[in-house]
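Each in structure tokens, the structures are laid out below.
In what follows, chain A forms one complex with chain B and a second complex with chain C.
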Partner chain A sequence: MIPSSPPAGASSPPNDRPSPDTAVYAYTITRWSPPDPAAPVRVVTHRDIAMLVADVDPAEFTEPAMIGLVRRHHTVVREAFEHGTVLPLRFATMFADDDAVRRLLRECHDEVVATLAAIAGHREWGVRIPRPQTAPAAGISGTDYLALRRRERDGDQLHRRLARHTSRSTVRQPGPGFRLDAVYLVPDQDEDEFLAEVDSIGGEVETTGPWPPYSFSELRTAAR
Partner chain B sequence: MTADDLVEMLDRVITAGAVVHGDVIISLAGVDLIRLDLRALLVAMDTLELE
Partner chain C sequence: MTDELATRSGASLADVLERVLDKGIVIVGDISVNVVDVELLTLRVRLFVASAQTAQEMGMDWWTDDPFFSPGRRELAPERPPQP
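Then we have the complex of A and B:
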């Protein structure tokens, strides 16, 4: 998955980055400048926004090490999220050097500020409701069967109930096993009501969270 | 972190989060490869200690 030939930009590294074997791994964009992230994480800033980065060897990103790298990504994002709003970046986002990071922050500045403002004071929650077992041909009453079918159809309705307490939501690609599989961006002040609504569904409900807003982070100006 | 939480975390870190192009030197293709190998990663993960 590492390009065999050096990509454009990496062949002429700036002075402070003598080795083309080094990349700047980007974890998340933030609006504030955190005081001192734990090494090796460091901060690259542009005006009022910042990116948490670390110098890495792209060759590290091979199969055996991958899970550890994913864990590290999440740890850095989660810790930053404990201190402020974060706009997490996709795993394995790397730049040639700090100048490239600053160029991106400069190009996306306004959208970053707007997006961070929109997701500030929110946490992400995932809700999955398994689909009831298919009714057996025998051994179930007609009333039970109809109730079962009705429950299978009400995923949309459940989603609307939950979404009332959220700012944004995304219904994931519906798998065969779920009545509802969705992620919600919940304002802090509405979290209790949201979770109470989840509890009120009853039955088997899988809730995960709170998460940094991974599922609600996008940058249109940079994703070209 | 339970196994379910770990799967949820992997799912988010690998398939969600803002995608940026431009100067990114590891291509999206790399990430797509990672996604394809997610199942293998999850299998391998069974042998790892859950935190």
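Then we have the complex of A and C:
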């Protein structure tokens, strides 16, 4: 006679309840040299590169949890960045299993190594320069108007000044509120000069950083 | 210099979200799995942020005291080795 139900505490979960769907969430690619990350983050390696991942239940990606999930993503990337060069992945990138992660690392290996080498020793900085409050068109003198227009145009010039100290940069289409809205990839040894240049602009300048190189992380071989 | 770096952390929630949601490596193809409708998810985040920005304008910038939202506070390599 076969027992109708397994004894409590039997090895695997009983019968017909499906195991919860899990996925392998990928945070960032890095060199294979990270110290053991804090659980639940773990490392999947292929040759000399690695992916920081965690097992997740996709069902947890709900609206109320969103900010916490974004926060977790950024925290993992930032901590990895403290130990070495990182290539962060877009939020909510998931794989079926570790084999799929390794397959990606294998297919992109050469470009990953080259990109990691190119951005090693850099940090990302954001610079925004708000547009001065525009005076009402009526009652503004011709001279003032020309000065206003000149200040609005000089975003390009300010960008060129800053970009001299950087390896790469991206200028966003300035919105209505900004003369300059740009992101810079700054070599460590040029950071002091870059920040001094930012300070020399004077006036109101919003500087954020240092960031992991989020804005400069691309892999062509992963995008096709 | 380290002190100065530590003060350059005026990052807003929008700065963090812009990077985490809009930047970074995109994996295309069948290697990654679309178990989550990411586009819908990020749309919802953006809606949340829009309301959060409104909240900030109203003086309810509740996240500014959160050390998480100060990326510059990170003490990375405070003493950079001298360049050879």
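The definition used in the following text is that the second predicted complex is superposed on the first by the 199 of 224 C-alpha atoms of A that agree within 3 Å, B and C clash if a C-alpha of one lies under 4 Å from a C-alpha of the other, contacts with A are read in each partner's own complex, and residues count from 1 in each chain.
Convention: a contact is a pair of C-beta atoms (placed from the backbone, for glycine too) under 8 Å apart; a residue touches a chain by one contact, two chains touch by 3 or more.
For clarity, every value in this text was computed on a predicted model and none was experimentally measured.
Q: Looking at the overlay, what does A:F95 touch: chain B (first), chain C (second), both, or neither?
A: After superposition on chain A, A:F95 lies in contact with both partners, chain B and chain C.
Q: Quick check on the superposed pair: does A:L104 touch chain B, chain C, both, or neither? Answer first, second, both or neither.
A: both
Q: Is A:A38 in contact with chain B, with chain C, with both, or with neither (first, second, both, neither)?
A: neither
Q: In the overlay, answer first, second, both or neither for which of chain B and chain C A:S215 touches.
A: Once the two structures are laid over each other on A, A:S215 reaches both partners.
Q: Going by the contact definition given at the top, which residues of chain A touch chain B in one complex and chain C in the other?
A: Dual-contact residues (chain A): 23, 26, 29, 58, 61, 63, 66-67, 70-71, 73-74, 87-96, 100, 103-104, 107, 126, 206, 208, 211, 214-215, 217-219, 222-224.
Q: Inside the complex, what are the residues of chain C that reach chain A?
A: The contact residues of chain C facing chain A are 1, 4-5, 8-11, 15-17, 19-21, 23-29, 31-33, 35-36, 38, 41-42, 44-45, 48, 68, 71-72, 74, 76-77, 80, 83.
Q: In their shared complex, at which residues does chain A touch chain B?
A: The touching residues are 1-3, 7, 9-10, 23, 26, 29, 58, 61, 63, 66-67, 70-71, 73-74, 77, 87-96, 100-101, 103-104, 107-108, 126, 206, 208, 211, 214-215, 217-219, 222-224.
Q: Within their complex, state which residues of chain B touch chain A.
A: 4-5, 8-10, 12-14, 16-27, 29-31, 33-34, 37, 40-41, 44-45, 48
Q: Using the touch definition up top, name the residues of chain A that touch chain C in the complex.
A: 21, 23, 26, 29, 58, 61, 63, 66-67, 70-71, 73-75, 78, 81-82, 87-96, 100, 103-104, 107, 123, 126, 188-189, 192, 195, 206-211, 214-215, 217-219, 222-224
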